[in-house]
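Can you read through this structure? Questions will come right after.
Note that the chains are named A, B, C, D and E in the order they appear, and that numbering of residues resets to 1 at the start of each chain.
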Amino acid sequence: MNGFPWLSWLIFFPLLSAALIAMLPKASGRTIRWLATAAALAEMAFSLPLWWRYQPGQPGWQFAEQMAWIPSLGATYHVGVDGVSVLLALLTTVLTPIVVISAWSAVEKREREFYAMLLALEAGMLGTFFALDLLLFYVFWEAMLIPMYLLIGVWGGPRRVYAAIKFFLYTMAGSVLMLVAILWLYFHNQAVTGVPTFALDAFYALPLAAAEQTWLFLAFALAFAIKVPMFPLHTWLPDAHVEAPTAGSVILAAVLLKMGTFGYVRFAMPLFPSASAQFTPWIVALALVGILYGALVAMVQPDLKKLVAYSSVSHLGFCMLGLYALNPQGMAGGMMTMLNHGVSTGALFLLVGVIYERRHTRMIADFGGLWKPAPVYATVFLIVTLSSIGLPGTNGFVGEFLVLLGAFRTNPGWAIIAAVGVILSALYMLWMYQRMFFGPVTHPENEQVRDLTTRERLVFAPLLLLIFWMGVYPQPILDRTQPTLDRTLALVKARVEMAPVALDANARPPAPAGGRP
Amino acid sequence: MMPNAPAALIAADWWALGAVIALSAGTMLILLLELFPARPGSSRGAIVALLTLAASAWSVFRVRDVRRPLFEGMFVHDTFTVFFTLLFCAVGAIAVLQSWDYVRRTRINHGEYYALLLAATLGMILMAASNDLITVFLGLELMSLALYILVGFRRGRLDSSEAALKYFLLGAFASGFLLYGIALLYGATGTTNLGRMAIFLSDSPMLGNPMLLIGALLVIAGFGFKVAAVPFHMWTPDAYEGAPTTVTGFMSAGAKAAGFAALLRVLLIALPGLAHDWRPVLSWIAILTMTVGNVTALLQTNLKRMLAYSSIAHAGYLLVAVVAGGTEGGAAALFYLAVYSLMNLGAFGVLALLGREQEERVTLADLAGLSTRQPLLALAMTIFMLSLGGIPPTAGFMGKVYVFGTAVNAGLIPLVIVGVLNSVVSVFYYLRVTVAMYMREPQGEPVEVAWAAPAVLAILATLGLTLWFGVQAHDLLVQAQRSIMGLL
Amino acid sequence: MSGSMLWIIPGLPLAAVALNLVLGDRLGKRGTAWLACGAVGAAFVMALRAVLTLAALPPEQRAITETVYTWMRVGDFSANVAFLLDPLSSVMVLVVTGVGFLIHVYSVGYMSHDPSFRRFFLYLNLFMFAMLTLVLADNFLLMFVGWEGVGLSSYLLIGFWYTKPSAAEAGKKAFIVNRIGDFGFLLGMLTLFAWGGSLEFERLFAVAPHVFAVGSVAITFATLALFLGATGKSAQIPLYTWLPDAMEGPTPVSALIHAATMVTAGVYMVARCHVLFQLAPISLETVAIVGAATALFAATIGMAQNDIKRVLAYSTVSQLGYMFFACGVGAFTAGIFHLMTHAFFKALLFLGAGSVIHALSDEQDLTRMGGLASKLPWTHRVMLVGTIAIAGLPPLAGFFSKDEILGAAFATGHYGVWVAGLLGAALTAFYMTRLYVLCFRGESRLTHEAEHHLHESPPVMIAPLVVLAVLSIVGGWVGLPFQEGGHAFARWLEPVFAAPGAEGGAHGAGAHAVPHLSAGAEWGLILLSVAVAVAGIVAAFRVYGRAPIATRGEPLAERMPGVHRALAHKYWVDELYDAIIVRPIHALSQRLWRFWDEKVVDGAVNGIAHLFEGFSAISRLFQTGFVGTYALFLTLGVAALLAHFLRP
Amino acid sequence: MIPLSWMLALSAVVFVIGVIGVLVRRNALIIFMSIELMLNAANLAFVAFARSLGSLDGQIFVFFVMTVAAAEVAVGLAIIVNVFRLKETVYVDEINLLKG
Amino acid sequence: MTPALFIGFAAMLVACSLMVILHRNPVTSALFLVLAFCSLAGVYLLLHAEFVAMVQIIVYAGAIMVLFLFVIMYLNLRRDLESGVHIAVRRGVGWLLGALLLAEAWVLFGHRWAQGPLASDPSLAGPVGNTQAIGQALYTRYLFPFEITSMLLLVAMVGAVVIAKGRGPHATRRGETPQPKEPA
């Protein structure tokens, strides 16, 4: 549609700027910061066409580029976006500059490497979202670990090494089996069609026996489930979040976790429809457990970051539930929840980072009555909190409601259990908020806490804007995801007949409004 | 049978033999030059060695496409040979570059060092090139003897000498088994020529002949020793640790490659008929090798030792490719060998730079905080480690993909799963190196880096190739496939 | 019909919020006051205008819908931001904007000394926005926005004095309890959509009779779920506990949110869904019973409270109970009617109480008041009006609405409910009189500095009181009994409550569901209820009128201490909830985290790591460094290889 | 005429004796001698096979093996001597500086 | 009478080999090894491998063993004192393992013995082992490996010199003390 290779540019520009910054001769922190910010902002600007020029109507790949990579293996450099990845990519490009700016005062040591890592990470994430060749996808998927590992390990908290290695090994342990599955697919496809290729489309078209699907699905699902993370594979998350520097936590929560859910939408579900149908009950069960479990455990966390981390477990449970409701509302809800979680939780981590910079503690018990010294901070925090508990009018609600709607239509029981999670989320978030901001100022150190600086306000302004925009007028987003999700759904439904699904759990009289498609 | 006159050699044959001739000549030249005293710091040996290696590589490269069995197949010139000759020359050259300053630093700057290096390279080439068990055996012994000496080259140091002793005793012991195996094969098939062996086996009804089987097994054991496969691996850590770092790098890359070259020739040319016999055996050995290597490496604090265990583990991955067999498996093995040699040499090259004068600073503690004082060196080491761990975008990843891919294609799923899980385990200790470099502060006086142009050149070369093959593996893949084609 | 510009009604307060945020402290107290009150006042005018437009239409078409934009549309689901003005919502919107306006004005005086004056009006306007969205929404989803919005603003307003831990706690409690209700609301919505295929009131109510069999599980579940939501918002059993605590907020807030407007949202919602409820008899019964029970239960607690605002709070709970059981027995008109009158007199009472508290410099304990009649003449007068009105003596507002409810209960044969209602009426009269007596009669029990500061409230506070007092007197006259085809108020609401019933068939729904009684019977009932009210009042006078409490404590406590303790402790319901819900959940969470998450799940992960380190340590033992050992293993290997071929 | 099996049996026995020697002795020199025994066993096998096959290759191989053995001895003894210089011992179980 | 001779040589060979690995004194062991080699040479003669037999005597018994003895003397090792539990254990294990190997070989060869080219009756084999034939083969067919052996010997020579030559200019007065090894 347009000659310019936007996607490649988007992938490699941050990489180049990262290299540039890293190679910079001993430069002052200021220049580095400004350079990094400029690069991130430029990247964001470059990514805007993905919003404007994207044709919401059509489900297929857009902005696609393809060129030979390893002909002897049939691997190609094939990138493109659909309604799902385009939004996640935009989320990435929008959040990165915010993170970079937020890190200005947070990072003292080795700034060059820090910003270089951030930008490299961005490149990796975008590559993962764009890749349409499974080998390419895997390359990005694994390469992404390195910068994140260093971010946690070098700039992290006291137990950073443990957390970093845990993060790396845990994620990798999941992915290697996926690699085996990919290879198997590759050779199976070669055997069937005679064409050696890693192209996603080819695999979409590849017919697979139920038994094969089961194993392949398990391999993929494990990799993604760890990334999501789904209960009980979540324990790397609290450690990683607590130890990571603010910027790391934000990216981790906002984008990296989406890799998992994205993987389900893009790969696990459409590639192995009958298997994913067959495993729907299990995955939904885990998702529901995750929702409640994450909420309950979050409630008793003394550490802000841990609290937010566990709340992520809960929220991503919603995502999975929505996706596996296997109907338009549910999947759209899951998609919205991904974006919402990206914005809200990202903002939460930023807020935690702000207060940590001032007081060098994250223990809720060390705060209280913060509203008096820092009203603006408190207000922003409140808005973000509300969005994270899904108050109507904020982004959180749209996602949650659609998820519940979809889940309910598939199986009312799921929705009822999940809705309990809605109550719990209000419980732990507001309790935390109350303990932090209300009541008298218990610790004298908190008397003088500085309110948000102008820079910080600039950081949060766009996030608040997103929160309300996505809450009040989400239709443009929904319009973009819809066709893609419908196609995915069609791919899944196409062969779902092979296995029984809970889709027809509620046999109801034909609704005049037509009911589900 | 009456000995018949050897066929006359044509020009191409002389080019083909160029490597052998050049290396022999180079060895002797260096030794002769030793007669004339040189100033202590002289590096004429290195220069001569480099030229020799270049010459031999060049002469073989000239006739890369011809296929000539010479001396009744005792020396076969085919793409396979070319591939390995070039590989060994490269390995040797990199080793020379790394040694250039290292030998001066550690006061072992004798011409013999380089002479032996060349001799060992010659032995490796013979192992890869010979289609007859006699020359395989001679080449192996030539290589081994040279390596025994090189390992013990820092004879003033007990660890070096001890390493030499262990390596020698066990090496001789193992070659005893190998020899007996060869004897049995000879007895069972009536020939030591691999080609004729294959012919004999192809139309003989009794593949079940116990002599044949035992012979094959003993031969496998013998080569298994050279490639450090469990349970014949135990010499490896000690030898690697005691040997001069540059020698360790050289042998870890060269000896292993040579061993696999010979193994591939024997298994793929002579004993494909017994495949259903040696496949299961090798699979078990592969599983053991990967697991023991990786698991034992977990707690190592001495990097040379850790890399020794890691090299054992990599032998395991390579065995997976061998088990997969066929052209695909062979090609995968070749590809992986090339990649492995590069990254391993690179890692040892970095280690060789660490430390002042005689001292060796190769423990994790020594690396602490390296990234703050030597960011680029640390970065290089990180990339080598990631590549060894098989993380993209590095050559190591592509190697694993290719090896495990062929294995998957051969239906060895369980083997592959063990392999990938092992690579996860391995990542742990590779990461520990990065942890030391990036996330720890040095205790005691920080390690100094003995910068030297040649060594840096070597590191840059290995680094560049490691990254390049990680991003664009196509050419190397094609080469590997062509080379294995020449074999079959 | 967009000429009516409905969106501007909620829009105005929202604009005020925005301006308030943007301009910040630049607009001083005065500016803030003008902005806030102006916005609400303007909203009232707009609402009036819209209602007049509505009234101009023929009854059948009295429904103005106005779609602003499509909020979300996914597959066959779509929800608009659209407003609906029909007789029902018109009543609500007038009450909300009207009373709201008065309270805004009042607050200007009441909060004049508060440092965060601006924040207060910010929240207040935010509330108005949410409340108006709630009542004007034309679909469940938008209604839910308002529904949670009012919850939020009430959370903020209750916790307005956030430095007081009790206030913050109360705020949180209110929000959480409301969330539990919203949980129900949500499920109700989901069910309705799953079956009805839409969330728009008109479409849904149109199809409801076709898709739902009468009394079918689906509709019963849906309505009960919705009712759960209502109990949360309108403080009914079992979710009423947050309302009394909500009195931590500033008094105008109590008046606006926790008496006049927000808490009635539940009633409004039930009335709005009357079509659905009529399809689910069980749900209706439940509504009636819960309502009646709450009415009585709360009234009893009200008798023993000493905090003037808490008395009023419980009375609110009880009055809401009346509205619900009105709906429960099918007399939706009566319910809404009572809702309106209650809005008047309860706002009046709260504001009056506020003026008392204001005068006594934040003294709320009835036992430290008394004899204020002379000191605060205006306050005294309006409070008296309010008391009579709620006690239900003709011709004040409370009488008509309450009487209609009781009549409907009787007429539909819900005798049990009816008795409970009657009893509740008596108690209401009793505790309200008690409050009045303790507050204004007898000799003063004030502390000295309280005496010293004592002063009547400024006109800006008195004026709204007077207006409300007038309304409390005349407000009921729109519903005079003994008129053919129902009274004016009923006729106004008829299109809403009758229309669907006509076609709905099944249950002959609508206001007409309540059969007309003979004039005699009606008279009888009226006399009875009046008698009951009088009895209550007299009793209260006899108990509290005579001797000063200061000298001899709470009479009730002396007569029947057990009962009194039970009442004073509100039947220990809070403690109960704490014991059976809050604590267990907390304990469970702790266990989940400390044991399950850290020990079991993460333990497994780290366990694997340690396992491998163990293996490593073991396999290192074999690496003895002795050539002998190495040779041994080498030979063993060979032996093993040979053994591999021993199998025949 | 001696059947081949006898020869092979003999060579096997000698070979195993060599192996045992390597395993049980701690004196590096004796271990080395045992290895020489193993090589000779192999040689015996070669010659026997050559005989039975009626081909020379076996004996030629033996010739090469002897060369190799000679070379090995030279290097090996040098190494042993060097170790002795440094450590004053040839007992392999006193030489385990490198382990683990 | 050949079998008798064979049995004689074989018995002697085995006995001497055993003495090599059994006898305490290295010197004695070495001497027994010489004997063993000589008896092996005898066996070679029985197999009509005269050349190999001669070389066996000259190279092994002559050159190699002398070197051994020289070294043993040079290091003047007195008799091994091998005792202690772990030695005993190692002995036991060693012997067991040896026995195991033999047993396995026995079992393997036990059944279906003579096969392949070995089926041909040895007695029919033409007269091999004449030195001339070997010489011809060495310098024609086996020319290449023969040349390789020259490299082999060169390396061995050089190596021996490098390793064992007296404290050279570089090797002397440098810390003989082994580097303290990092705790693993």
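Please note the rule applied: a residue touches a chain if its C-beta (ideal position, glycine included) is under 8 Å from a C-beta of that chain, and two chains touch if they have at least 3 such contacts.
Since the model is a prediction, treat every value here as computed from it, not as a measurement.
Colleague: How short can a path of touching chains from chain C to chain E be, counted in steps?
Modeller: 1
Colleague: Where each step is a move between two chains that touch, what is the least number of such steps from chain A to chain C?
Modeller: Tracing touching chains, the least step count from chain A to chain C comes to 1.
Colleague: Closest chain to the protein's overall Cα mean, using per-chain Cα means, please.
Modeller: A
Colleague: Centre to centre, using CA atoms, which chain is the farthest one from chain B?
Modeller: Of all chains, C has its centre farthest from that of chain B.
Colleague: Comparing A-B against D-E, which pair counts more contacting C-beta pairs?
Modeller: D-E
Colleague: Average the CA atoms of each chain to get its centre, and name the chain whose centre is farthest from that of chain D.
Modeller: The chain lying farthest from chain D is C.
Colleague: Round to the nearest whole Å and give the separation of the Cα centres of chain B and chain E.
Modeller: 28
Colleague: Go ahead and note the Å separation of the Cα centroids belonging to chain B and chain C.
Modeller: So the centroids are 80 Å from each other.
Colleague: Using mean CA coordinates as chain centres, what's the chain A-chain D distance in Å?
Modeller: Whole-Å distance between the two chain centres: 65.
Colleague: Whole-Å distance, chain B centre to chain D centre, using C-alpha means?
Modeller: 26
Colleague: Touching two or more other chains, which residues of chain B qualify?
Modeller: Answer for chain B, listing residues that touch two or more other chains: 3, 134, 138, 141, 145, 148-149, 152, 155-159, 164-166, 169, 173, 177, 187, 190, 210, 213-214, 237-238, 299-300, 305, 428.
Colleague: Can you list the residues of chain C that touch 2 or more other chains?
Modeller: 620, 623, 625, 627-628, 631-632, 635-636, 638, 642, 645
Colleague: Where in chain E do residues touch two or more other chains at once?
Modeller: 90, 93-94, 97, 101, 105, 108-109, 117-118, 133, 137, 142, 145, 149, 152, 155-156, 159, 161, 163, 176, 178, 181, 184 - these are the residues of chain E that touch more than one other chain.
Colleague: Can you name every pair of chains that touch?
Modeller: Chains touch in the following pairs: A-B, A-C, B-C, B-D, B-E, C-D, C-E, D-E.
Colleague: Tell me, which parts of chain C touch chain D in their complex?
Modeller: 620, 623-628, 631-632, 635
Colleague: In the complex, go through chain E and note every residue touching chain C.
Modeller: Residues in contact with chain C: 90, 93-94, 97, 100-101, 104-105, 107-108, 184.
Colleague: Which of the residues in chain E end up touching chain D in this complex?
Modeller: 2-3, 6, 10, 13-14, 17-18, 20-21, 26, 29-30, 33, 36-37, 40, 43-44, 46-49, 51-52, 55-56, 59-60, 63-64, 67-68, 71-72, 74-75, 77, 80, 82, 86-87, 90-91, 93-95, 97-98, 101-102, 105, 109, 113-114, 117-118, 120, 122-126, 128-129, 133-134, 137-138, 142, 145, 149, 152-153, 155-157, 159-161, 163-164, 176, 178, 181, 184
Colleague: Which residues, counting only chain C, touch chain B once they are in their complex?
Modeller: Counting only chain C, the residues touching chain B are 612-613, 615-617, 619-620, 622-623, 625, 627, 629-631, 633-634, 636-638, 640-642, 644-645.
Colleague: Name, in rising order, each residue of chain B that touches chain D in their complex.
Modeller: Result: residues 1, 3, 134, 137-138, 141, 145, 148-149, 152, 155-159, 161-166, 168-169, 172-173, 176-177, 179-180, 182-184, 186-187, 190-192, 237-238, 241-242, 300, 305 of chain B touch chain D.
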